[in-house]
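Naming follows writing order (A, B and C), and every chain is counted from residue 1.
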Amino acid sequence: MRSQRFFNLLTLLILVVLTAGFLIYTKVAASAYIQRVVVGLAISIILVVSLNLINGMTGVFSLGQIGFMAIGAYTAAILTLPLSMKEVNLPDLPSWLAQVELSFLPATLIAGLLAVIVAFLVGLSLMRLSGPYVSVATLGFLVIVQVILVNWDKMTRGSRTFSGVPPFTTLWWAWGWTILTIYIGWRIARSMYGRRMIAVRDNQIAAKSLGINVMRSRLLAYCLSAFFTGVAGSLWAHFIMSFSPKSFYFVETFSVITMLVIGGMGSVSGSILGAVLITVLSEILRNAERGIAIGPIDIPPVYGASQILMSIIFILVIVFRPKGLLGGREIDFNRFWSWLLPKRGEKAIVPGKEVS
Amino acid sequence: MTQLQYLAQQGINAISIGSLYALMAIGLAMVFGILRLINFAHGDLIMVGSYGALLLLVLGTPFWVAALGGIVASTIAGLLMERVAYRPIRGAPDVSMLLTSFAVTILLENVAILVFSPTPRAFPTPSSLNSTFRFGQLQISRIDVVAILVAVILLVLLTLFVTRTKLGISMRAASEDLLAAHLMGINVNRVIATAFAIGSIMAGVVGLLWSARVGKVDPLMGFYPVLKAFVASVIGGLGSLAGAVLGGFLLGFLEILLQGLLPSSLAPFRDAFVFVALIILLLFRPNGIMGSAEREKI
Amino acid sequence: MLTLEDVNVYYDQVHALKSVTIEVKEGELVALLGANGAGKSTILMTISGILRPRSGHVRYEGHDLTRSSPYDIIQVGIGHCPEGRHIFGNLTVQENMLMGAVQRKDRAGVQRDMEWVYSLFPVLGERVRQSGATLSGGEQQMLAIGRALMGRPRLLLMDEPSLGLAPVIVQLIFKVIKQLHQQGVTILLVEQNARQALQVADRCYLLETGRVVMSGPVEALRTNPEIERIYLGGSAV
């Protein structure tokens, strides 16, 4: 007699095997370009899943999460930058910092931690606000972070490129963190607490009547989201190895939001789906931007075509499928199983529709 | 220059900048009031107006004709925006509308970059505007005076419009209670289009004044202004026209104040301070100055 | 004059009106009774075009209004005085009244009607330049009614006009309702205060969870023990 649990475990096992297989294949057989795309995908997934924690699950739509990515990136990069490079690139670093050179994991953890601390302090004031006000306030946070980064020359090299970051981000590091983020996002979304939060996302009064402490749940989501976003920042910094404050501003914010919205807010699998789709689409478009030949027609390079197309797709999705491709729900694997397997007489296997 | 003259100079600066912010914030407030839409793309209307005027100027038309042409361009752009991007999503949750305006902004900016190239172009401000008035030791640029005058005129016209005309009163009604507005038989589509049109006209005017002031245009020129307009709107209380005007001038004064007060080492942090001030304000008045101080009561 | 035929209305997935059929003849005052959530307001919102039925028809004097917009529905002469009043607080009393007449082009007629409304509700005439938000609950209700009347409706939809008001004001309002009825305005009245409603109505419909469960002339319902028990709390009217 097979039960629901069996199918859940089976699904999980298959997903794990597929993912592991995919990663191993990528590492072994795919080109360096593809490998880089896959690492970038991992980081995007972390960003979107953590964005979903706050934007998809609470009534707060934060426009400033990329600010935490910046904090994470710079913090980790400063910590891991080899001492010799520090002398050259950051000559005015305070002495205690100038002597520090950490390895990847501690630096990343500290980066995430710093992001959390900032999130906590900022969140204490911002998470009280609602609707458009909190969105504008978090946008303000993004701008404030940008301004600080651009002007704190001693620590960040200001608007100049910060380079020389050691390339620590491997496929395994990136995906390891990604799996962790997905796991935590999943656990929260599927918990009773998480489901209640989503159900009352837009209605504070209902939330309070269900015993949800709105401020506390928002602050928790905000800090958790900041942690993983900061980690993603560190991963990113050690992946592209050079960046500047402009790498963490509006365009990136819109990118991540697009992924979230397309996949469906409130859904972890939706976030992943959105990240995958947009990453793949971006890559295709980026290649097309250089100009491609379709048969006899030569399409000339079109700068910004990918951005333009992205925004059009975004608008289309919002108009026609405002809840995202998955409609805000998780991917329902049970439907797959009940389709695949025949029901056996009376002892029918009934993978239920308990999902979402 | 004496203390007093310095203060007067800065005061005029503040009013001038505040006027621009106020005009922009009104456009945002009008649309938000009725649709609950935060139109990020409003900033790009500045850009459209400026490039429109630039094109005409390059073709040799006199300045005032080109200015008018720019305003017409931004108005058409605004109405198109409403019809194509925002009307289909009316009734959608606020977040969707905000995000769509994000998308429209990125769309417009990238199209502009494509068409006009990302490098800024010079804006040929007529010499009549470039000169300054002299009052003893005081130097007031003509542009500042024009900006203030234009703003005052537009604000007076707007006030007359929303208090004396049926359409204007309908706008205020729709802004307050859209359902009741429908029930009265107010032509909501027309009201919304009017809100966008007025906002776009304001944006076009601001675009011209801004371009004339800084002497150049570029595809991303609307970005910071709309952010400021935002802040101004929020300060005054989103949706309130009077609040938008108040917020605009307050913001202008705040910026000039910070410019003067901050030690030079902290001067670049001015924008950050503005946002910090905003956040502090929101903590005490979560709905802005003119909004209610109450939060939802259970 | 007005018929709802087999109308089904949904709020997202919730089936709010279930095959509702209702008729209002010209000159009648028909009352819709029922508990909270029974669907009474939903019916009015559907007639006014705010809600669209998934099936069924709304017919008015030969026009099929089922797919019409609120704008068109005002044009054919259906006025709506909504539940909770929904007056425009930031507008003055005068401006509110003007909004009621927003579709009309005859300035003189509008002026006359305004004076007529001020004669019905003198208190409004005293507060012409005051903003709506400063009015008391009763005054706001009067304004809401006056505003709806400014459209010169031939059919007036009234949603819970007595809600939350002191008995004295309620009396005044129902006096005006009776007066309007006598002057020939067709009225569809939604009320929780069944007693008052039954005193002025010609016919009634009783709704329960989206369905019409009882209907008939008011004399028949007045002595019906069901109504007594549920809505009048004991004694017959």
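By definition in this document, contacts are C-beta pairs under 8 Å (C-beta built on N, C-alpha and C of every residue); 3 or more make two chains touch, one makes a residue touch a chain.
Note that the structure is a prediction, hence the values are computed from the model and not measured.
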Sort the other chains by how far their Cα centres are from that of chain C and give me the top one.
A
Most centrally placed chain - per-chain CA mean versus overall CA mean:
B
Between chain C and chain A, distance of the C-alpha-averaged centres to the nearest whole Å
52
Could you give the separation in Å between the centres of chain A and chain B, each centre being the mean of its C-alpha atoms?
33
Report the inter-chain centroid distance for chain B and chain C in whole angstrom, where each centroid is the mean of the CA atoms.
42
Can you pull out the residues of chain A that are in contact with at least two other chains?
none
Would you mind writing out the residues of chain B in touch with chain C in their complex?
166, 169-170, 172-173, 176-177, 179-188
Of all residues in chain C, those that touch chain B in their complex
48-50, 70-71, 73-75, 80, 82, 86-91, 95, 98-100, 102-103, 147, 151
Please output the residues of chain B touching chain A within their complex, sorted ascending.
32, 36, 38, 85, 88-89, 92-96, 98-100, 102-104, 106-107, 110-111, 113-114, 223, 227, 230-231, 234, 238, 268-269, 271-272, 275-276, 278-279, 282-283, 286-288, 296, 298
In the complex, chain A residues that touch chain B
55, 61, 125-126, 128-133, 135-137, 139-141, 143-144, 147-148, 150-151, 202, 204-205, 208, 250-251, 254, 257-258, 261, 265, 302-304, 307-308, 310-312, 314-315, 318-319, 322
